[in-house]
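Across the two complexes that follow, chain A remains constant while its partner is chain B and subsequently chain C.
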Partner chain A sequence: MNHPNEIKLIIDDIPVEVPEGTSVLEAALSVDITIPHFCWHPALGKAGACRVCAVKVLEGSPRGVQMSCMLPAQDGMVVSTTDPEAVALRKGVIEWLMINHPHDCPVCDEGGECQLQDFTIAGGHGLRRYDGRKRTYTNQYLGEYIEHEMNRCIQCYRCARFYQEYAGATDFGVMGRGNMIYFGRQGDGPLESPFSGNLVDICPTGVFTDKTARFRARYWDYDLAPSVCPHCSLGCNITPAARYRELLKVIARRNDSVNGWFICDRGRFSNGAVNAPERPRQALADNRPVSCDEAMDALLERLTEFLELNGPASLAIVGSPRMSLEGNIMAARLRELLGAGTLSYFDDRLQAERTMEAASLLTTANAASLADVRKADLVAIMECDLLAEAPMMALAVRQAWRGGARVYVVGCDVPFDSAQGTKTLAERSRSPASPTHPGPDSVPPDRPDAPRTRPGAGCPPPLPAPGGARGWSGSRPGVCSRTRSHPATPRPVRGSATPRGQRCPHC
Partner chain B sequence: MIPEQLRQELKRRVADAVTPREAAVDVMKELQRHCGWLTDEAVAEAAVLLGISTLQVEELATFYEMIYRRPVGRNVIHVCDSVSCWAMGGETLLAHLEQHMGIATGQTTPDGAFTLLPCSCLGNCGNGPTLMIGETIHHRVTPEDARAILARAMDQGAP
Partner chain C sequence: MEPILLRYERAGHCPTLDEYRADGGFEALATALAGMSPDAVQQAVIDSGLRGRGGAGFPTGRKWSFVPRNLPGPRYLICNADEMEPGTYKDRVLLEQNPWPLIEGMALACYALGVGHAFIFIRRGYERAAANLRRVMAEARRAGFLGENILGSGFNLELDVHQSAGRYICGEETALINALEGVRANPRAKPPFPAVKGLWGQPTVVNNVETLANIPAIIARGPAWWKALAATPEAAGSKLFCVSGHVANPECFELPLGITLGEIIDGPCGGMRPGSGFKACIPGGASTPFLTADHWGVAMDFDPVAKAGSRLGTGGIIVFDQNTCMVGVTLNLIRFFARESCGWCTPCREGLPFVRHILEKIENGSGNAGDVDILREHVHYLNYAFCALAPGAMGPLEGLLRLFEDEVREHITKGKCPFTRL
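For the complex of A and B:
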């Protein structure tokens, strides 16, 4: 059935149907025609900054060579991406973009996974004609996680748009103008956004690369596998990249109904525990190294002995809220199989009851995905510090807020600004009068009509938390020595400088 | 530190703007007028007044070429450095001024009287070559005119 707002156009002799408001670039991508593009990104939209997505409009208005990202698809339009005029323009623009690019691919970590490499080759610019001086920059120290190399920049503005508009942080942006443009901070210092790692993925070339995996491997060296982030319950999709059995880096994997294109820094930079030498890698039985099969046999033997002696009722199978869903389901299966008397996932009864209660309220009809949250009209956050609990949910709420949603925080202690991502807890704890950071009432420029939030509007008194901790979100006083002393402690997600609400990522 | 009166005046202007950011150029220009150039302290002051981060003020300050993030002389000479003025002898004018004042573009004379800056289009293309000193635009400037303009500015600036 044809949707009333469906647009029909022809791109390279292929009929395309897209909803009204779709750009010609997106329409072309929808039928697998790739037009080179840098500034346009599905999550950020268009900027019209790179001038590389030229196509020729053969029929429709305006005719002639146009930027496909800026051009809305119209009924009856006929577009060519292969017209010699468009091809020549793209080739020229790419050549200009490459004028200042250092061509240091052999020593660049982006090499092999670089959009600039791909589109330079695709655009047909294979020989450098320019032999003048190149623009050079002094790089900044951006913290222990991101390496800065401004000389490679092609000024697509993706980083600044993501960082300030999408993620709402204000310590990184674009300075200067024209040929003297600089993407960075006001001075050296770690990036403050808990989503800063996405700069690595979003930069079409190697201005921002993952410092933790610097000079370790090429794209084709990695063992890659689609995976799900284990660091909170949201289930953001990731691609861990390993080499020689060492997890080198984590890359966001696109899933439009969950995390979209991005992941948080906790998910990206918490490899320490995975690679920790203390991590058991050898099965032991009675302190004797054995094969995995032998260990399983030994376990079964002991279990059988135990069950014979004590009966299944005295056996407890223990899972954990920190374990993966798959692991916890296996724990339940094991319990069934052995007829164990106890199956425990929580360390106290109240926590278990509350979780059961909350889970029982969820139905397929009322459960919302992160994609639903991003499009919500109203978001109520119930006694939860989103940035500490599940950072990507805070990012999703921010997208809803940017789209005009009203956001309420019920439960008083964490104002909404952390959900916006415009200000983090770390900053708040630093200095309330710090000139760098706007007060909670400030209205960000990208949403002038922003409704003022009402922290704690009509909020009920907080629920009594068991043992003085904060219910299901609190970390317990007793933690293992790895949590306390591991040398490669992953960076805490900024914005959760308070110990409360942080979970140990080590197991 | 800026005078309380100036701060209150700027606060009022920010409050009158539709969005605070809209008042940014106004605030930066006033602070520049007060300090001579937009000092780091003035950037911090502007950030507080506008409710944006210092980086965000820096973004705007470095975008506009008539906001000075380094100390400048008492008079700033902007010589148009765009295509229409080039065609009418703008480059010769700039070279002449450099020679006359004994400084390169971007520098300030040792007595602190003049800073010479090239500048993207001053919007006076029909009357090139153009230069601007203080807030006055001069049309069809010959090297002789330029010397006279400097001398007048010197006289006016003299104590």
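For the complex of A and C:
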């Protein structure tokens, strides 16, 4: 990329070129110089809270020891990350962070993939000088998916910033003050955000761990494979983690042009079907267990026989919108090879026609990636309950909205806060099913208790925006102002025109 | 020196509007609205040499000049009445005994800055002061000194009192702005400074109560006259000194800036209590390093006190006699700061409780020689905190280690506090 304002600076004798507005921390990371950091996260930006990313500015302004995440890179700057003064401060900060840390790595699921472990070892902190009592907390029940262990917390604020600012939910945050601040909910209860699982990934230590995979394996035990999430059509990048041929958990895999750093909870926690005992694990031919090769040979034989008898026009190859992209491409290829008469992806003619229509509008020039959506200045959502159909798209729209984009929701049954990804799980599960929107109930059966894929969670009636949400503006369009200002409406309805089942009477 | 702010001082009595006006009250506002441009008011404040009375001592006129001109949208003035610095109670005295100059000063400041809506952010504990302020503001509004078209000049000013939920960190101007917006009172990153991007993202000036209350006198009688109130040519104006501790007469006095420490204690304070001898004092609220008898002749002005290794701060003087354990004093202050940390950054959140723990050990007689080094490290490293709370908290500790290291070491070698606790 060509940046008009390229900044040239020197970090640890390495010349670095970065676009204007880059922090020294990011500049250092761009040339693989690691500066310890906890509160800074590429998706969340700087906070200046942990104070562990100290570097020394040798030339440039301001000089001396500075926090590299808060310091914009400037032309001609000379920065040292190994200066004894900066190293000593970083060591001191780690010592502070470890004062109250329980050192329970042997029984912590984060052990082995813990940023705090890495930076503590790297920072050279070995001996605790503090000899007083440690601070302790009571943990909360945060639902079936996430384990809470507050004693391990190093107060980097990543969780609260992600949950409230990035994902727009309000039921979890920071409370208290001083060294007794607490990251949790007002009381026990499942986290309401449909993106809550990202707390597991974003926490630099073991405060939030994946309850579904608790005590099952260490990081080095896992079989990991870069994959793409099969639960909707967005194609978020994931890393499934398996052990002993059992899928234990799913981790978000960074892809800046698709999902960024995060995935939704459906993608993360709906993996029960993979391990279901009913799943065929053995190839069968005529109900007789055979090897895969034998089964394929048998299939080829039967197909050839069928084609000879009936001709290729009688053969239909059936894919599915729930199948992986690779699988569907293979289906098309198979049809080509066999010359089959029909290739079908849908069980419903209307759905097929609509999809064809939508796909015909897409060209390589106008197709927008999720990254494009996050940076968009205007988003129009047509007849689509994003949070139900493609949750990460809702999160992307929210990022656009946070950046000042105008967001239009077209369609009377679509709740506006769904487009923002801020409709909470509690609100969704209170809502009855909508007959017009099947919702995600056609998703393969997951855990029977998985609330996010339960039938009918699709299209709830409009509800007022979550109380206390920052940045909500009643003037954001979703319906016309005439609808909104209807005198008979007891209170302004955000986003959607009227309670479900009614149509706007104004035009 | 004739008192300016506390001239009506009568116990339990706040002057009425008529009393204030009979004494020249609101004449400065009338003069400014009738014949001075906003720039002229600002220039008068710059010329007066008025420095912020809230602790940092930043020149007020310069702070005002950082507000961008001709920027569209509203701008705000906030009066910081969140007085929580231990040992400081001058703003409470002013708000309870004579809030009129504050109201007039805020009107003048808003006129100079082009502000249409100003706030007084007052500490939760100051119930009486807030009630008094509300009463006085209603009176001023009825008389046409607040509200729309003030004194027929076309200048409008809305003034609101916000009683905070009450935390020390709310005295930090960006945390105060967050608290006023209704979010967690964590300080914001600077830059951008509030003068550019403050309350609701708009240019905002945050000034202390006493700072704003001084403005009417500057406008009414001229910056040169006001500047000459001080005791030294370098200093400017008068200052409220609120004294507590082992002096005969601990009260709030209005004195010329630049008066020496000795003159304050021997003069209005009436010397030390009978049987007490001066050992040390905190010159300007809990976050300032100690001054000792060696500093008896130090002029109580921003620069001379800084030269003496401390800060003038708020002018909240706490005096200690020879029987006071300075480790105990510091521990008491550090306990306050550790409790009041907002918890945002690591040095403050974790470092202050660590310091508190070590001071507790030393005071209880279980300290060891290495602890002094740990304390010294903290004095240095807490400067790298996010805001000024932790560096301020290190003020008394730095003073303790610089001036009273022998006393600290005596605790450690004797294995107990050498002072009898009363």
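Throughout what follows, the second predicted complex is superposed on the first by the 420 of 507 C-alpha atoms of A that agree within 3 Å, B and C clash if a C-alpha of one lies under 4 Å from a C-alpha of the other, contacts with A are read in each partner's own complex, and residues count from 1 in each chain.
As a convention for this text, contacts are C-beta pairs under 8 Å (C-beta built on N, C-alpha and C of every residue); 3 or more make two chains touch, one makes a residue touch a chain.
Computed from a prediction, not measured in an experiment: that's the story for all the values here.
S.K.: Counting only touches as set out at the top, which of chain B and chain C does A:97 meet: first, second, both, neither?
M.R.: After superposing on A, A:97 lies in contact with chain C but is clear of chain B.
S.K.: Which chain, chain B or chain C, ends up touching more residues of chain A in the combined arrangement?
M.R.: When the residues of chain A touched by each partner are counted, C comes out ahead.
S.K.: Please indicate which partner A:21 is in contact with in the superposed arrangement: first for chain B, second for chain C, both, or neither.
M.R.: The answer is neither, since A:21 touches no partner chain.
S.K.: Identify the partner contact of A:179: answer first if only chain B is touched, second if only chain C is, both if each is, neither if none is.
M.R.: A:179: touches chain C, not chain B.
S.K.: Quick one: classify A:171 as touching chain B (first), chain C (second), both or neither.
M.R.: Touch partner of A:171: chain B, not chain C.
S.K.: Touch test for A:46: chain B only (first), chain C only (second), both, or neither?
M.R.: second
S.K.: Overlap of the chain B and chain C footprints on chain A, residue-wise?
M.R.: Touching chain B and chain C on chain A: residues 174, 176-178.
S.K.: For the complex, give me every residue of chain A touching chain B.
M.R.: 164, 170-178, 182, 185-186, 435-439, 442-443, 445, 448
S.K.: State the interface residues of chain C toward chain A in the complex, per the touch definition above.
M.R.: 167, 169, 183-184, 189, 338-347, 349-354, 357, 370, 374, 377, 381, 384-386
S.K.: Can you tell me which positions in chain A touch chain C when the two form their complex?
M.R.: Contacts found on chain A: 46, 48-52, 54, 65, 67, 70, 89, 92-93, 96-97, 99-100, 129-130, 132, 154-155, 157, 174, 176-181, 470.
S.K.: Name, in rising order, each residue of chain B that touches chain A in their complex.
M.R.: Counting only chain B, the residues touching chain A are 18-21, 44-45, 47-48, 51-56, 58-59, 62-63, 65, 120.
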